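Contents: one structure, followed by commentary.
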Amino acid sequence: MTTVLNLNGARLTALEDAELAARVAQDIPDGAYVNLGIGKPTHVSAYVPEGREVIYHSENGILGVGPTPPEGEEDLELIDASKRYVTAAPGAAYFEHSDSFAMMRGGHIDIAVLGAYQVAETGDLANWATLDEKFPPAVGGAMDLVVGVPRILVMMRHVNHDGTPKLLKRCTYPLTGLGVVSRVYTDLAVLDVTPGGFRVVELTKGNSLEDVQAVTEAKLLT
Amino acid sequence: MDKTVTDLESAVAPIPDGASVMIGGFGSSGIPFGLIDALLAQGATGLTVISNNAGAGETGIAKLLKAGRVAKVICSYPRSPGSIWFEKRYEAGEVALEVVPQGTLAERIRAAGAGLGGFLTPTGYGTLLAEGKETRIIDGRGYVLEAPLPADFALLRADRGDRWGNLSFHATARNFNPVMAMASKHAVAEVRQLSDTPLDPERVVTPGIFVQSVVEYGVRP
Amino acid sequence: MTTVLNLNGARLTALEDAELAARVAQDIPDGAYVNLGIGKPTHVSAYVPEGREVIYHSENGILGVGPTPPEGEEDLELIDASKRYVTAAPGAAYFEHSDSFAMMRGGHIDIAVLGAYQVAETGDLANWATLDEKFPPAVGGAMDLVVGVPRILVMMRHVNHDGTPKLLKRCTYPLTGLGVVSRVYTDLAVLDVTPGGFRVVELTKGNSLEDVQAVTEAKLLT
Amino acid sequence: MDKTVTDLESAVAPIPDGASVMIGGFGSSGIPFGLIDALLAQGATGLTVISNNAGAGETGIAKLLKAGRVAKVICSYPRSPGSIWFEKRYEAGEVALEVVPQGTLAERIRAAGAGLGGFLTPTGYGTLLAEGKETRIIDGRGYVLEAPLPADFALLRADRGDRWGNLSFHATARNFNPVMAMASKHAVAEVRQLSDTPLDPERVVTPGIFVQSVVEYGVRP
C-alpha cells in the first residue's frame, strides 16, 4: 500500500493516507477525550482498535461524535467541525461555543490530532496561513486547541509537493502556537518533539535515517 | 409579555445601514437563513457581520456579500469550500476582514454579553493575531488581552421558542447562537417551531431575557 | 397604617414596611426584568398592580420566580436568593451561576431593588458591611447587581434605629458601588439621585420638606 | 468508560490533607450533603473550602468547620442565618476568610475551568474588595482584574448522571455546580439517580468531560 518517492537523492517509502491514519490511531488510548482537526485527522477514528472507547470532541458543540450516518438519514443540524454529517455516540452531549472552547483551552481534552504546513524542532506549529497574501487567512479553532490540549499530534506529509521540507529548524509561515507539538506522524517517520529537537520514534519500513534526514531541514535525533 | 412577531420582514425591520450584526451558525448548522434573506430584501447596507464563517455558495451570508451589503466581516474562518463571494469581495478590497481565533471569538462575544471589560487568553500568544495587542506573562505562560465584542443586532436560528423569548436548540445548531443573543442589543430569533406553551424551564438554553423578538420560520434549506 | 416618629425636633409620618413595598411596586413597569434583593425588597412583588407581567430574576439561577408554594408543596431545590421556597412562573428558565451573573453584570436586568445601610448624595451605596469588625463581611451578589443593572432602587428606613441619618453626603461604611443608585424609597420620602444631589420626588403624606431635611444629612433639592 | 463509583467513601478517598475543595450549592439547594459527610468521616483536614456560603446550623460545610477541618474559606456570603460554626471559627481566628463578590466568584471559577488567565470586571471597583488589585479605566468605566480560581477537587450535587459523567440538575440546584466541575482537577458528583442509559444529549448540563466520578446518593435532608 505504500508508495515510493525519489527525493534529494533518497529513495523513500511513504505511507498512504489511510495507513498514516491507522498509525496515529494506534496511539489513541482507551478512555481518551480527543479532538480531530479538519481534513485528514478526521479519518483517524475509523482505525482506532476495537475495544477502546474514545470520546471525540468537535468544537462546534458536541462531545461524543459518532460515525457517519447512513445515506438519507443525515440530520442537517448535526455536523462536526469539518462540516461533515455525523451522529451522536452513546453518552454524547451538546453545548454552545463558549463552553466548547472552555473544554479545549481549559485543558480538558487529552489529545488533538492536527494537520500542519510546517512544524519546527522547537514544537512550533504553522497550520493556518501561508505567505500568499492572495488568500484571506482562516484560523478557525486551531490556536485554541494548541494552547489548551496537553498532547498535540501532528499528522502530515513529510515534505511539500515540490519536495521542500515541512520539518524545519524554524517555521517560515505564520505560527499557530509556540512549542505546542508533542509528536509528528508523517508518511516517512514518527518523531517526538524533545527539548533537543526532533527524535525519531520509528521510520516507515524501508526508510533509513539518512534518507529521511535528507528530506528534513531540522536535525533528527535518535 | 409577547416577543413573537408574525413575519421575518418585521423582525429585521429595525436594522439600519451601518449596523453591526451577529449571525449565528457554524458551517451549515444553526444558520438563520430566513432572517438573512429578509435582511437582504430589507436593503440595509454597510453592515459589519460577525459570524464564524463568511458564507458558502449562494446562501446565507454569501448572499449579503454578493449584494455588496457587507463593509466588514469579523470571523474565524472566512475561507471555506465555496466561499466564493467572500473571496471576490476580499480580493477586490471591498470588504474588510478581522480574523479572530474561534474560541476567542466566542469568548469575546460572551464577555460583551456578560459585562466584562476583557480577558486574558493564551490563545494566539506569540502569533500574528496577537500583534499590537497587550500581552503578559503569568506563571511563565503568555497571555493576550482580548476585548469584549458586542453588536447592535443578532440574527439567530433556534429549534423552539416561546412568547417570553426562551429558546431551545437542536443538536450542534447551538454553536454561536446563545452567546450572540447575550452580546447584542437586539437579538432576533428565527425558530423552527413557536410553542404556544412555555418551554420547559429545564430545557431552555437561551433564557428570554437575551432575546428581543421571535419569529417562526419552519424552513431549513 | 403609618406611624409617627419624633426625631431631631421633627414630627414625621412613616410608612410601614408593607406600604413602602407597595410604593416601590407602583414604579415597576409591565414587562420589566427585575431582581429583588434579599430581605424587604422580596415583598415588592406582592404589590405590583394587576395586569403587569414582571419577570423576576433570582441570582441563584432562575428567571421567572413565581409565588411562594402552598405549604407542603415546597420543592427543596427550588429557592430564591433569600433562600425562600418559590415556584417557577410560566416562561421561567433555570441556569447556572456564571450565566446568572452575566445577566446581572451584562446590563440585561432592568431594575434591582436593594436594601441599604447608607446612600450618599452621589449615588454611592453601602449595603454589605459595617465598621464592626466582629462580624465577618458577607457581600453576596450586591456588588455585581449595582454595576450591571441600569436602574438601582433602594428601599430602606430613612434613619437608623438610633435616629442617625442614612442619607449622607458621603457614606462612612464600606461601599458596594460608586454612583450607582437611581432612586431611594424611604418610609419618609422618595428621592432621586441627581447630579446635584438628592431631589425630593414625593414626601410621605404629612411630612414637610423641613422635617425630612432635619433627619437627613445630605441637602435635599426640590 | 465507566466513571461510576459504588459508595461515597470511595468517591472522596483521594482527597488529601491541605487540598482545595470546591463545594457546590447555594443556600440549601444543590449541596452534596452525602459527599460532605463522607469527607468528614474520611478525616482530611487543613482544607481550603470554596463555596458560596459557609454552612448553616449543623449541616453541610458547617460540619467540616465544627470538626476543625477547614483552614480557609473562599466564599461570597459566609454569614447566613444559623452560620454559627463559621462565626465561631472566624472569631477565634481559626479559619481564614476570602470574601469574593458572588458573580466574581462564579466567573473566577469559570475562568479557571476555561483556561483563561483572568478577566476585567466592573464589580467591586472602588470598594474594599478591590484593594490591592490591579484596576484600569476603559471608556470611562473602572474595572478590576480578577484571577482564575481553580481547585484540586470539587464535590457536586446533581439530579441525574450516567457512566460517562454527564450530569443534569433540578430547578435552582445548578448554581455553582457546573462551573466547579470545570475548574477542579477531580470533580466528584453525587447524583439523586444514576441512569443506566445515557442522558439525553440535549438535556446534559455538565458534559462528562468535566467529571471524574459519579456516585448515587438519593437522600436529600
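As written, the chains take the letters A, B, C and D, and residue 1 is the first residue of each chain.
As a working rule, a contact is a pair of C-beta atoms (placed from the backbone, for glycine too) under 8 Å apart; a residue touches a chain by one contact, two chains touch by 3 or more.
Keep in mind that what you see is a predicted model, and the values were worked out from it rather than measured.
K.L.:
Farthest from chain C by Cα centre, which chain is it? Let me know.
P.N.:
Result for the farthest chain: A.
K.L.:
Approximately how many whole Å separate the CA-defined centres of chain B and chain D?
P.N.:
Chain centroid spacing, chain B to chain D, equals 33 Å.
K.L.:
Measuring from the mean C-alpha position of chain A to the mean C-alpha position of chain D, what distance in angstrom results?
P.N.:
Spacing between the chain centres: roughly 36 Å.
K.L.:
Measure off the straight-line distance from the CA centroid of chain A to the CA centroid of chain B, and report it in whole Å.
P.N.:
Their C-alpha centroids are separated by 29 Å.
K.L.:
Which chain C residues reach two or more other chains?
P.N.:
Where chain C meets two or more other chains at a single residue, that happens at 62, 88, 94-95, 98, 101, 104-105, 147-148.
K.L.:
By residue number and range, which residues of chain B touch two or more other chains?
P.N.:
107, 110, 114-116, 121-122, 169-171, 201-202, in rising order.
K.L.:
Can you give me every chain pair that touches, using the contact definition above?
P.N.:
A-B, A-D, B-C, B-D, C-D
K.L.:
Of all residues in chain C, which touch chain B in the complex?
P.N.:
So the residues of chain C touching chain B come out as 31, 33, 53, 55, 57, 62-64, 88, 90-95, 98-99, 101-109, 147-148.
K.L.:
In their complex, what parts of chain D are in touch with chain A?
P.N.:
1, 110, 112-116, 162-164, 166, 182, 198-199, 201-202, 204, 207-210
K.L.:
Please name which positions on chain B make contact with chain A in the complex.
P.N.:
Touch residues, chain B against chain A: 26-30, 52, 76-80, 86-87, 90-91, 97, 99-104, 106-107, 109-110, 121-129, 142, 169-179, 205, 220.
K.L.:
Can you name the residues of chain C that touch chain D in the complex?
P.N.:
58-62, 75-81, 83, 88, 94-98, 100-101, 104-105, 129, 134-144, 147-148, 174-178
K.L.:
What does chain B use to touch chain D in their complex?
P.N.:
107, 111, 114-122, 136, 138, 141, 143, 168-171, 201-203
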